[in-house]
């Protein structure tokens, strides 16, 4: 390869016809890709010109499968829609069914739902921080975050019997009460997390390499975010105080105080800092929930759940997951199986639409960091 | 913004075409015929419903119609609005909402693949999730997923036979 | 064939040289880090210090060319199957395939789903299957121990099977991936007729047509 007199910019080379465009497959088989998803990037040098998303490798036909199973049996399928953060899906589906049934969920069940939601959020934010570190090449932090997430999975195993997919929420409440000493073990876990948070800050957020890589990457304004369907931490990072736990409270979030910290800025660094702010807020909310949880029954009496019949109608229920808005639109015709269940995942607007606006002009090194900053998690794109 | 005020605004702009209902629990819905649907969506977007959550399609096979539901949310008034429109089932088509909300394009692409609805003006309606799909759009009610899976992914269904040398016990039949 | 001394295709009984080689191969398996499905979330806990796969000589590897072990973590949609076959064929011999979870065994929870295949062993030779949905890290490590024993005993020879019965595997793969006809009943998209689409544009109310056209040019 020869170099012309002096170094010349990519544009001049392109104008002179020195560089040809080529196609690069970023993913699905790629360690920087978060999951089984691909972008086919048309590139010039190391700069992206055009992007074509290659989705569908995680497509399982959930919406069709859910029409063939009874209402309560769908709960075995539903946590699998989002792999790192399965509980918001269960809660959204159960809430939509409860809205159609018109049944009241007992208060203790609502608190237990919120506690498991917050624990799941912590686990998913650990993966978010770890994934961001991994995308920037910072593998020690990634491994540390995975280990810390395991402590949360231990608590889930004591409560529900399973580490990752809990199937804990049922229409009308939760499956079983917390065992003896479980709430104390969660409090001990929170003590451990709070003691470790300065370590996470030192590793990830006081690291000037992370700042240099993420500052100014893919900025987005608040108006553009709201009009592009962006929700969750990416929206709060633009300064918008929007959180479904406050805007449309569900479970026990109207019983405890929920603040909405926002990092302004709108670029990838602000989104990374937002993850950290959400993390700290989640720990605080968990402490308040554990302090305020009442006694009582843990599920409403709906008879034999295997033969549940839901009155005709439709309802939409949404929850705030660690990545954004998870919504379930449930249509019933009065039978034993749903007529239609339509799932809204938070990653599709960023993964399939914003990629066309942000990726052209970006260097290939930043694509993994861009994906992690928007928390694009492919299972809920493909469902 | 109370439901009554919004309902009055709708009647003022769209007359009888837009049918409003308050479903309770901060969920409203508006039904409109296909040709008034896009101006209605524009109207809602200009009156605080800036967030398009997603677009659902429901196959009402008994009524021979496919229903499109646009889910909108207002950050200002904290209300969820469902804009519904019905299309005929043999040739379901609709104008694209891509010019109002850019991220409607992938949702419409998915509905085209899964339900067979054609969106006029959508820049890209190529297959998104399925590989080399030659059958009916899979989310339609008359598509049997179980029969498809048993026929397409088992040896009997594929009409294939086990290999010739049977003495090799390791190869599955 | 010429490589029969070192690489015994016809016989399952291994030579003394292969015995020695297998002793070293089993202690240095590098797995291809391709997260094909939901089971992949239990891989980071298996790799990190709590359960620590690396003490067995296993570690993640980015490219298929340098990997020995292909983990199918969970279900396989048809699109993923195509990429997994490419990755498997790019790996060098000897190579091993481990199916995670119940989905590669019999379809698992997605057995009646239209995009997900039900039996992986029809398309790729599977050396070890781990039951569970999803398997815990302890189950994963136990399976890797068993795989190491099978490699030493000369039983984990899926790569030899693939070579010997390549036509059979290829035929199965093409039956799913290179389908030319519909499986249940053929579907004719009414909108593939451009005349119909043109007529719909023409019949549109004027204001929508203008707005669409002006934005189309913009």
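Worth pointing out:
Every chain is named by a letter (A, B and C) in the order it is written, and numbering of its residues begins at 1.
Note that a contact is a pair of C-beta atoms (placed from the backbone, for glycine too) under 8 Å apart; a residue touches a chain by one contact, two chains touch by 3 or more.
Remember, it's a predicted structure, so these values are computed and weren't measured experimentally.
Here the two chains linked by the largest count of contacting C-beta pairs are B-C.
Distances between chain centres, each the mean of the C-alpha atoms, put B farthest from chain C.
With centres computed from CA atoms alone, A is the chain lying nearest the middle of all the protein shown. If you average the CA atoms of chain A and of chain B, the two centres end up 23 Å from each other. Chain geometry summary: the mean Cα position of chain B and that of chain C are 31 Å apart. Contact of a single residue of chain A with at least two other chains is seen at positions 56, 59, 61, 64-65, 68. Multi-chain contact residues of chain C, defined as those touching 2 or more other chains: 77, 79, 112-116.
Of all residues in chain B, those that touch two or more other chains are 129-131, 138, 143, 145-146. If you check the complex, the residues on chain A that touch chain C are 28-31, 35-36, 56-61, 64-65, 68, 76-77, 80, 83-84, 130, 142-143, 146-147, 149-150, 153, 163-165, 379.
Partner chain C is touched in their complex by these residues of chain B: 35, 38-39, 90-91, 93, 95-96, 99, 116, 118, 120-121, 129-132, 134-138, 143-155, 158, 160, 163, 168, 170-172. Contact residues of chain B toward chain A in the complex are 23, 25-27, 50-54, 56-59, 69, 71, 75, 78, 80, 82, 101-103, 105-107, 114, 127-131, 138-139, 143, 145-146.
The part of chain A that touches chain B in the complex is made up of residues 55-56, 59, 61, 63-65, 68, 99, 226-229, 231, 240, 242, 247-248, 314-316, 318, 325, 327, 329, 331, 339-340, 342, 344, 348-349, 352-354, 382. The residues of chain C lying in touch with chain B in their complex are 12, 77-79, 82, 107, 111-119, 121-122, 161, 164-165, 168, 171-172, 175-187, 189-191, 196-197, 200-201, 204-205, 207-208, 211-212, 215-216.
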